[in-house]
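One chain, subunit A, links the two complexes that follow: it is found with subunit B in the first and with subunit C in the second.
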Partner chain A sequence: MSFDAEFRNQQFKSVGSRPLRPDGIDKVTGRARYGADFNMPGQLVGRVLRSPHAHARIVRIDTSRAEAVKGVKAVVTAADLPDLTNGDAELLHILDNCMARTKALYDGHAVAAVAAIDAKAAREALKLIEIEYEVLPHVVDVDAAAQSDAPLIDETLFTGGVEPKPAKPSNVANRSEFGHGDVDAGFAQADVIVERSFRTEQAHQGYIEPHACVASCNPDGTADMWVCTQGHFVYRQICADLLGLEVSKLRVTSSEIGGGFGGKTHVWAEPVALALSRKAGRPVKLVMSRDEVFRASGPTSATSIDVKIGARKDGTITAAVAHLRYTNGPYPGMWAELGAMTSFACYDLENVKTVGYEVLVNRPKVAAYRAPSAPMAAFAVESAIDELAGKIGMDPVAFRIRNAAKEGTKSSYGPVYGPIGIGPTLEAAQSHPHMSAPLGPNQGRGMACGFWFNFGGQTCTDLNVNADGTVTLAVGTVDVGGSRASLSLIAAEELGIAYDDVKAVVADTATLGYNDMTDGSRGTFSSSMATISAARNAIDVMRHRAALTWDIPVEDVVWEDGHAKARGENYGNLAPLSVKDIAAESGKTGGPIAGHSELVADGAGVSFATHICDVEVDPETGATRIIRYTVIQDAGKAVHPSYVEGQYQGGAAQGIGWALNEEYIYGEDGRLQNPGFLDYRIPVCSDLPMIDTQILEIPNPNHPYGVRGVGETSIVPPLAAIGNAISNAVGVRMSHIPMSPPRIRAALDGGAGS
Partner chain B sequence: MVEVTLWGGLVPLAENQKTITVEAGTVRELLRKLQERYPGLKSAIENDVAVVVDGVVYRDDRSKELAADAEVFLMRRLAGG
Partner chain C sequence: MRYERPETIGDATALLASAKGRAFVLAGGTDLLVRMKSDAFEADMVVDIKAVAGMSDISETADGFEIGAAVPCAALGEHAGLVAAWPGVVEAANLIGSTQIQGRCTMSGNLCNASPAADSVPALVAAGARVRIAGPDGTRIVPVEDVPQAPGKTTLKKGEFIAAILLPKPAQRSGDAYLRFTPRTEMDIAVVGVGVQLALDAKGVVETARVALGAVGPKVVLAEQAADTIIGTALDDAALEALAEACSAASNPIDDKRGTAAFRKHVAGVLARRAAKIAYERAGGK
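Our next item is the complex of A and B:
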């Protein structure tokens, strides 16, 4: 990478301010175009037929009666999506998840799809598709699925990561292990040991906008797709691979996004829409209902976690162990592995061991959910840490500070940390007024820490200086959390112009080079680096144009405060040229002015947060009210502080919902019982207090402005912080998420936390 | 010389070596030499690997320079939300 990303401790004029968001008016007036808002002439309505069984072999599909319905233009099954994956197992799993090939693997698994001239014809056709199923035994519970006598989801799957290779197939797809030291020796040194098992139930990202796309395949082999996604370049690649299209001939445009949180990093219905369009020869719009979103798109894992931690009476942790079992849905992933890596990442431990088990179940394919897998591991570990602090008689914050990871600590997942921010967030919590505020009856306070890796990735940006001196910034990372505002601030800062003179847009896949998805808290981190690079390239062009204008060597032209200035005593009479001055003459000095950048934005740096929470529990009903909540997190540099606060608050809000209510509930038949927002309860405004935030700014040495990703870490501590608060309020250790009223009542009645 | 630590899943592909010493000035050179020495690592290095240098995750920057005393880990390429 030629771009110098090293942190420069500079003073800012635009960065750090809070201008109005550029997409605000469109969103509040309903003009913003989301996935379902695109339409094309001759467009058909797509609908998907889904398995009513949790596990069933597909014996026969007859679509002839459906195809005969008036207005039906295409019916597709797996036969219309042949396996072109060339031995790529992960890609084949994506294809199979989009359309079941031999077995339906969960309630809601797609088995056929229809495109018709209207919804009525499509619905009628779905009813006439005849499918003969051989219903198979199913399993949805993580611990039951890991047993040796559980119904097998994939008879060819043998547990990886164990030697020797097992003789029998299993639903445990993989075992992974991390750690160092000698945990047995460490426990022998402990004065106090806490050992406890925890469970968390499956939650959905709960984005308000369902998956939606319009696909249009043309007879000449070209195709267009408009889609709600976190990564249109990645969708293009995957869809092209699955459909056998040339990447350059598939143009994908991302819409505004009504929430993603990881769930829109995966394709679900998009390849099906393309297959329908290809067969029908007309554009097809496919919009998931909420029922379909719940049953057939990306929830996070349900988990079962055993934790054991030992400490001396002086508060030093001597050993820590966690065994983590995560549901993957019916296909292998790396969700338990991520949990195993993040479990003890906040702490400086001499002896630590974590083991992750990927468990296949008859539930939807698990997708990333904001710091994927870390919140559940943090719930288990931070609950046990709190209990241990209590048994030793130490303040929970002081206990964590004593054991916190720092620069030079060998992390529990392997590498040694550079400069990190867990210590400062804990110290900020310790001195925060929230920690010493009085509590009332039935109230409790809890706190917890969280960790996430953060990463960057491939990024490409164009910056065009228009003839009037305004700037258009074309980026390839989808704006999920305000990146158009923050990137406009960055461009304004670098060029020395006003924020209002920059217009940022998300370019489609045909007009900009490849970009990785907006995930891993990378959107602003990565695209800001590319924007700085592009702006500096544009400044180089403008210095050359000024040199031409003045007829002096370019080496004598410097860029300061948004102006080209001639440097040297001989040029005293040359007035500085602004961006507007240079742009106005661009046609006569060489043509349009632009800056381009393509780079790999690596060096994101790990991220830590500490949360404090007060709850009030109604002992009669078991209902919990969050009465105060504080988020403390390192942002490196907050480019647009309001958006950073929004990310902190959003993560906390989602964590509150997950901690208190959100849960996939399956019946004995393996069918999801609550696929709707009436029965799957996400928090609404009246459930939440004003979530207080404290932004710490410890610069990232690997970014010119010190920026770190902020999008994910804020969902890691809430489950544990709320669990600790409720446990303190009711006097019983809570060990099962969500801590819904029935579970709290059961804990109060029986003294057990589940 | 740089000492590289492999994540558990890679160890069987590298003749059960957990740590390997390689003469390499960049991540690219490091990964190339690892593949040459242990051909079984090829697929994993091409598809699944992120390189952690002195505690910072590098998923794609193969030009990252490695100091002689750099602490290098090969880790699974992470998913994010």
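Our next item is the complex of A and C:
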């Protein structure tokens, strides 16, 4: 059935209210089942052995002594995960990252794994696996790795995206370019030009729940997996591909999720757990330690970015250029490309050019982190924009308003925008009381803007009307940020019933069609679209049942306010039938009532935000306190405003941590020095002020209710907003994230910005 | 691994002395239990001292205070007499970890864990605290600064453990203070810690002073030359500047994940200045 996704302005009854979340009680009472909370009879303990070297050839692995340990049921190496990828390089990289094949490419790279009857035996076995390494020169720094004399991570890699094809291999995997106009001509028209280089260090998503799964392979070729993931359908596909399983025979159930932020869109331990289970013939639970989570999973790119922006004295930007180098870990990705696409997306520019370079380094494979790659680009660009506004003598908000993109603007990465929120968020910032509140000594204010694409994708939903008229909604997008509540509100709205009469669950891979992951801020956007579609289909069924009950043509039955109503003068005596009425009779009118939906949710509306931040810097110690923080962001339509606010606050909190203290610190030996929350400093509650939020609603024309994704954009402006605030407080332009106390002290002592 | 929970000092030292391999005293366990989770940790015996008689008491004696080795740091903050006499020591102990950690952790454990960044240690050293060590051959009393030797190493001999921390009676017109620097507001490890204790004469001139620095060397530093810079002064700006410089000079830190050496030396001076001012005010100086 064709589905009309066009936005229709309407008065909402459920959408926009703030009911309690359905998963709340389980979570606060400790009953919610996370990845490590599943158990199977006869289950073994899985453990992974990891390389202590940043770069080393694996000469020999001898597992015989480990296999002889009492209680050890299986030891696996790359030999147990043969290459079935059929020339698919990306898939082979995933396999190689799960278990090193010929070389260990970073400190923490998995080289072997064991399954044993208890943790003690597993631990003993790990110590008895003998590995002979040939240690190779390594490189972890993004700029050093891009040099022509850097140790090569992949000797067969030639930089893509350049003509002619380079003659020598390089750690620069790819070059990408975006933009339009003539930047040289643009700079020639500029009265003022700002040119600056920036660096950001590698951050981890910092989800509190480590990766965890239970894998159970049966001799008949079927397998089950319970796992903490942002996308169980995708995990199923990748694991099936890597292990040579039939997709239908691998059933994956997602657990509750203790944070993902993009980090749980990639497999690490899961294929290994399946390989262990297959070899041992028993279920295997594999839970990463925090140390493993930091060393082997997650992180975002470290970057080095050069920005040049020119403007006329009247405040019009005439040209803008950015060169962005992003670490990818040891395998090629498209992280710099995303940075290059997002850099100038907030602005309406005549001449713009961005170039991204994907740089391989001996660090863990980069994973998505909330609006991946955008925060670093925004840090560089929004810092330079602020400086430029200052040089011209313009208020930074007014300067941005003057150059802001609007409906019809050709974006720096190509598409022409529809109705967008950058202008409105800036105008809201301009008139926000925060913007004009007085500042004390050593305090500074900064603001910055951010953009994220948002994503739609494949989605499938089932809506079942039960005999008592309540509704069960089965969705395939993992609930990361409260989507079960939001989707229940959507179903209630469309059907015209009460929120409490809807129960949403996340279905496993065997009971629902394929769904893309909860990433790209797509969870509520796409699943709400599929839920509306499924509800409309169920309404159609109910109209038919009402028509049957009344014995009138279905065309004469309309759906209004949660009731089937007979339309027309002849039917004056027919009382409307509620969902409960129709459901109660369903056994006699044709059986169960359900609505199904499968669709590709197109037209995820792009998202913009403006953040304002006040800081106080202790000039003697370089310590920064965030004293006030305001997030203004376009939600399209806030389905459950509390969760929208939560997303705004969460992104800001993560951005604050990244801006001030979070960073991967490597020693000379290429080993990670701080793989734990003690020295990888995410903020604690007392580090954060109350983060104020303001939701703007500029409807997305491509969604029936106007919804846009809201989950990611909120992490894009903070690095820059805080950078601008600190620069204003201390009078030195900060150019290196994180702006930790030693870096601020060094900047104050004369070392510029870092 | 054996777990023992003796009830007398004699039994505890006998157990520790008899252990064949590595034996560990368990006080609050906030360091030990974390270490036990690591793959590298091996132990043959753990001797829990929380049931040993007297270990959980704070007593006021003619000479000052005696704090049993198992007294959790939270209890220090609830002891009005101790808070009045040694506010700097108590505030240092109450910076450790969080409310939950303080319900368990002890100053003795903080000292014996021998981390250069231990918070209560510089405050105890500045206060002139000593420890009573029980061992197979009886007890001995040593200054706090003589317990840690190097990161993770103490001077305690096999079979010995700390039974109590002894704080003197504070002198007239004296005060102490402890400040640390951490990038986060809490749940963090000191990048630098400074404890200052001083006593004034009737005119408000510093008569005696002790300054101790944490996290700027392999073990706590008793900075005697730094203390000398303020003795005989009314803690004027010049004296504070000299103190700061002397503390920076007495610091011998390394560059590591928690901060650069240059940063630590600088901040040691800044905190010393600030802590000295607080101690001076507490001593009644104006």
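By our rule, the second predicted complex is superposed on the first by the 752 of 754 C-alpha atoms of A that agree within 3 Å, B and C clash if a C-alpha of one lies under 4 Å from a C-alpha of the other, contacts with A are read in each partner's own complex, and residues count from 1 in each chain.
We take it that a residue touches a chain if its C-beta (ideal position, glycine included) is under 8 Å from a C-beta of that chain, and two chains touch if they have at least 3 such contacts.
Computed from a predicted model, the values in this text were never measured in an experiment.
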| item | value |
| --- | --- |
| Clash-or-fit label for the pair subunit B, subunit C on subunit A | fit |
| Partner chain(s) touched by A:Glu620 [first = subunit B, second = subunit C, both, neither] | second |
| Contacts of A:Ser277 with subunit B and subunit C, given as first, second, both or neither | neither |
| Subunit B versus subunit C as contact partner of A:Pro372, first or second or both or neither | first |
| Touched partner set for A:Asn661, first subunit B, second subunit C, both or neither | second |
| First (subunit B), second (subunit C), both or neither touched by A:Leu126 | second |
| Subunit B versus subunit C as contact partner of A:Met334, first or second or both or neither | first |
| Touched partner set for A:Pro742, first subunit B, second subunit C, both or neither | second |
| Closest approach of subunit C to subunit B (Cα atoms, Å) | 27 |
| Footprint overlap on subunit A, where subunit B in one structure and subunit C in the other make contact | none |
| Residues of subunit B defined as touching subunit A within the complex | 5, 7-9, 12, 50, 52, 54-61, 63-64, 71, 73, 75-76, 78-81 |
| Subunit A contact footprint on subunit C (complex, rising order) | 39, 181, 183-189, 191, 256-260, 262-263, 266-267, 270-271 |
| Subunit A residues touching subunit C - in the complex, by the definition given at the top | 123, 126-127, 620-623, 660-661, 665, 673-674, 678-679, 681, 683-684, 686-687, 740-742, 745-746 |
| Residue ranges of subunit A touching subunit B (in the complex, touch as defined) | 1, 160-161, 163, 174, 176-178, 205, 261-263, 265, 333-334, 337-338, 368-372, 411, 413-418, 420, 453-458, 519-522, 600, 602-606, 702, 711-712 |
